[in-house]
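One chain, chain A, links the two complexes that follow: it is found with chain B in the first and with chain C in the second.
Coming up: the complex of A and B.
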């Protein structure tokens, strides 16, 4: 088919992987693909977050809405989220959002009986489902390279003597588009891989001093100088932020064209940082799944079949030839 | 101060002082000085002295900030936030200290603050938050001083505020009543009773709502009734609602008991809310945009606010750009943190600090379009700027009605928002419709939908004929328009007239002036 000719097979190469951090290369695709992935990671990968709070007793300094808002923002381990149901289309509870298929219940009951200020933290939240707990609690129990003494949990509110907080909270599945608390990503960004070509001939016409000042003009360490041959070379191409400082400097020195920098149209370097709700690597995998589901929805929708008559070939391409 | 080195000078005293700007003027010049300013920026006073780079701003903009916006910005009550009962108060959820410092702001802090020698408290003198601000055009949603805000930032708690309104009611104290022996007056007391004027569902038996009750417009806040059964309850106006924060019972100096019920409302910024930087650059939200649609830098930084570049050339506030550039350097660990007016760091210092932090010297960065993922052609200036939320909010100003209360005298719609009034369609607006030639629309707006009324005219003598009761020859009585000048009801016609015009005729008539109306059928 016609579509197959332009079909490409994007490649991913992982550079660095930690629980909450992932750096990878995405090659042989274009900006639309890379950006779709970024947007889905930010706004459409589902997680679990506290959505409904029933307050029984609250004699703290913060009001009910304040505490509810803070509770909502606590990231919960959401490995289950992909298989969970949205409570709005849950059959088991008629969209009530209270059943085990679409919600997780939390309880919190703290009272301060001492003279010192007492912190109410995410560790005080009692979950009914051991797989859905605040991320810092999960990290503490796994205890892999994690310093528990340093981390006191996410503070919800502080209590003085006699103050009390008792509540029931229901966590539900959701996506970042509905509310930022459901966004699993702290940072998702990418950059185009730069291609840097130094005009050696022109470069040699510079004195060592000029070379140094030219190198220094870049705020990031992109270029370096060989101590023996005094040759300027690219130390770290990816440190270049496309700020064009070096190009402007070259022009100011009267040497335009000293360096040529181009962005490769088809390779991207992604940086993904997770809130801890899902692992950074799982976040990318989930994002690809969500993206696939969205494409399936387009492919299978009745609109596409109708549009087939109008657009002919385009429709058949979308359905995979 | 005990040694007499520092003197506190009053406003009247100041007139007779010859004050030097700084120590160097004190000794170098011929003039004889009586005093010397501790720092040149002290001559500006508090609210102006905490503006960073004021000396780079146009004087009018500095005045805007120090006189107007600093008053309207929402911060946090420093004294007794839990027990105070102001009629209306606003509190910011998460107030912040700005990144920069000035000599004046340092003088207000306590040096022995536990966080260390160089960290100063007193964030309460600042009423705002540090927002990442990009100077860019955002799809036309930030034209004319409007700004685009990041919805994700707001959902994470940025610029979230609570608004507390207090309702007070007094009752006469029992003892006082006895001494005064006012028997004629009914004894009024708090209490719950079924009311005709509003819902009492959330009230307890004592007449006060329970803490946490959600009151809507039209509900009764404080139930108050007389022994005779007369209702004196206080009702919420149609624009007011909220949850009950606290109920206070107390007595004032004259011994009258009073109760105060405060209602709380939590608001996140919405389209139409007003914000301002510290440089008199005010604007309202034009769009709340999702995080993924904003341009992002290679580090993944997304702005909280996008303002329009057109805000700068005519306003002459380069101070804001300097603040953002300096703030960016500070946020990246730069050590140069002062932005005191008159002793501000030079441009070179700021740009060098940014360069060391790994940013381009002038604070602009390459950004990628959030919609398409492509690099934007131009570099975008982006940096942390201190922004204030001002008390002018869209929710307090929305005005709408189709039909509603009218003024009893003119029968025209009322103007008051609290009474569900309308927006005035004034002369300028009338001129506008005239210019468009939209006569039918104008007629509808100013007559049919305003003070439509009808009256009777005698077609023969052109006088107004009133509706009267008269006896007819047959012996019966009929009620109807009748011309007393012609002594007949034959030629009487009905015309459509604005009530205002009818009122004028009646008033003239009462002064003995009769107005004649020419009529023709249409």
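Coming up: the complex of A and C.
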């Protein structure tokens, strides 16, 4: 098929994979693809978050809006989100709860009857769907090496004697573009892989002292020196922050060209941190799927193509063709 | 009170076309595509992919205004192609690239599993070889073929393995 040569076949190497953290290398593609993935992970991979709150009783020190906002920001386990409907697209309900396709209902009812201050936390939220619960609650019940004793839940409000909070909340599917509470990503970053070339000949013209002071000029530990041979080498290329301090230092020492540093244009090192709503690795997979869906949505419709074909014939008539 | 709905930023209003196409009136083989409710995410990958097409003489996109939720992609091609052809080709190629990426990523994950599971190092090597040498996105099937169906579920009993077994059956 013609044009297939324009397609790329990127490569991936996963370096570190935990539930909420992922580091991987992406190669043989360009920055537009890396950036599109980053943007989609941050703002367009759907999750579930509380979006509607009906307060029955609130005698706490925080007002209703304040509490609703805090509830919205609690990350919920969202493995279901990719298969759910957006509430605005759902034709099975009117969007205010108890619809299996687009919403999950939560209840919270806490009253303080003691002299000690009482915390209302994410653990007090009662979900009607066991697959959609606050992420810290899910982590507590799983055995994923999480220290449960340190987990007090996410504090929503504190109560003193006689105060009470009772409410019903509806969680819905959404995306970070709409509101940051739906963003599944804590951070997503990528860096260009640096390519560092030391001019060995020029480097050997330096005294040990000069070598050391040149190495020290880098704010991060990129270079090191072999204690026996006194040879300068790259110990951690990725620690380089493109600050160009070593280049300036070399120039100041009268040794321009001592080192050449380039950013490889087709190699990226990604770091993905998830809020826990979905696993970091799943977040990347979902981002790829979402980006594919987006591309599919921007395909030309048949009627656009037809309209243009007619225009084309008309055009060739006018040109006498 | 009169604030517009938040979703107006990414939901195409009724009666509006997602993509509209307009030929240039002066230059042959030049056209603009107006894509509603898209931004730099789509704009930039489309543009860069179009630049890889030797028939494309010019490709660019703009986001006219941050409060107008649309992008305009302009394409000018050589006479043996057309803007529409180039546009469709770019989307197809990107779509295939992403399919490949997904396959390769899942392998990468599986490779990791072999490291922390009971898998021998040689299997990790296999996975890496396949990831690197199999550009078709069908590497998974090839991997399965190499190890044989029976060996397949033997690497451990965690969720990840079950996941792959399930996928393997499809």
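In this text, the second predicted complex is superposed on the first by the 292 of 321 C-alpha atoms of A that agree within 3 Å, B and C clash if a C-alpha of one lies under 4 Å from a C-alpha of the other, contacts with A are read in each partner's own complex, and residues count from 1 in each chain.
The rule is simple: a contact is a pair of C-beta atoms (placed from the backbone, for glycine too) under 8 Å apart; a residue touches a chain by one contact, two chains touch by 3 or more.
Owing to the predicted nature of the structure, the values given are computational and were not obtained by experimental measurement.
Q: Could you look at A:288 and tell me whether it touches chain B, chain C, both or neither (first, second, both, neither)?
A: Only chain C; A:288 stays clear of chain B.
Q: In the superposed arrangement, does A:24 touch chain B (first), chain C (second), both or neither?
A: The second partner, chain C, only.
Q: Kindly classify A:244 by the partners it touches after superposition: chain B alone (first), chain C alone (second), both, or neither?
A: Only chain B; A:244 stays clear of chain C.
Q: Please work out whether A:300 is in contact with chain B alone, chain C alone, both, or neither, and reply first, second, both or neither.
A: In the superposition, A:300 contacts chain C only.
Q: Go through the superposed model and pick first if A:63 touches only chain B, second if only chain C, both, or neither.
A: first
Q: Quick one: classify A:175 as touching chain B (first), chain C (second), both or neither.
A: After superposing on A, A:175 lies in contact with chain C but is clear of chain B.
Q: Could you look at A:14 and tell me whether it touches chain B, chain C, both or neither (first, second, both, neither)?
A: Only chain C; A:14 stays clear of chain B.
Q: Tell me which partner A:32 touches in the superposition: chain B (first), chain C (second), both or neither.
A: After superposing on A, A:32 lies in contact with both chain B and chain C.
Q: Touching A:88, do we find chain B (first), chain C (second), both, or neither?
A: second
Q: Where on chain A do the contacts with chain B and the contacts with chain C coincide?
A: 32, 35-36, 39, 177, 179.
Q: Would you pull the chain B residues touching chain A in the complex into a rising list?
A: Residues 82, 93, 151-153, 155-157, 160, 162, 212, 243, 245, 264, 266, 290-292, 296-300, 354-355, 357-361, 364-366, 368, 370-375, 379 of chain B touch chain A in their complex.
Q: Within their complex, state which residues of chain A touch chain B.
A: 31-32, 34-36, 38-39, 42-43, 55, 61, 63-66, 69, 73, 176-177, 179-181, 183, 187-192, 219-220, 241-245, 263, 271, 273
Q: For a test of understanding, state which residues of chain C touch chain A in their complex under the given definition.
A: 6-7, 9-11, 17-21, 23, 33, 35, 38, 40-42, 44-49, 52-53, 84, 87-102, 104-109, 111-112, 131-132, 135
Q: Any idea which chain A residues touch chain C in the complex?
A: 3-4, 6-14, 17, 24, 29-30, 32-33, 35-36, 39-40, 44, 88, 175, 177-179, 281, 284-285, 288-289, 291-292, 294-301, 304-305, 307-308, 311
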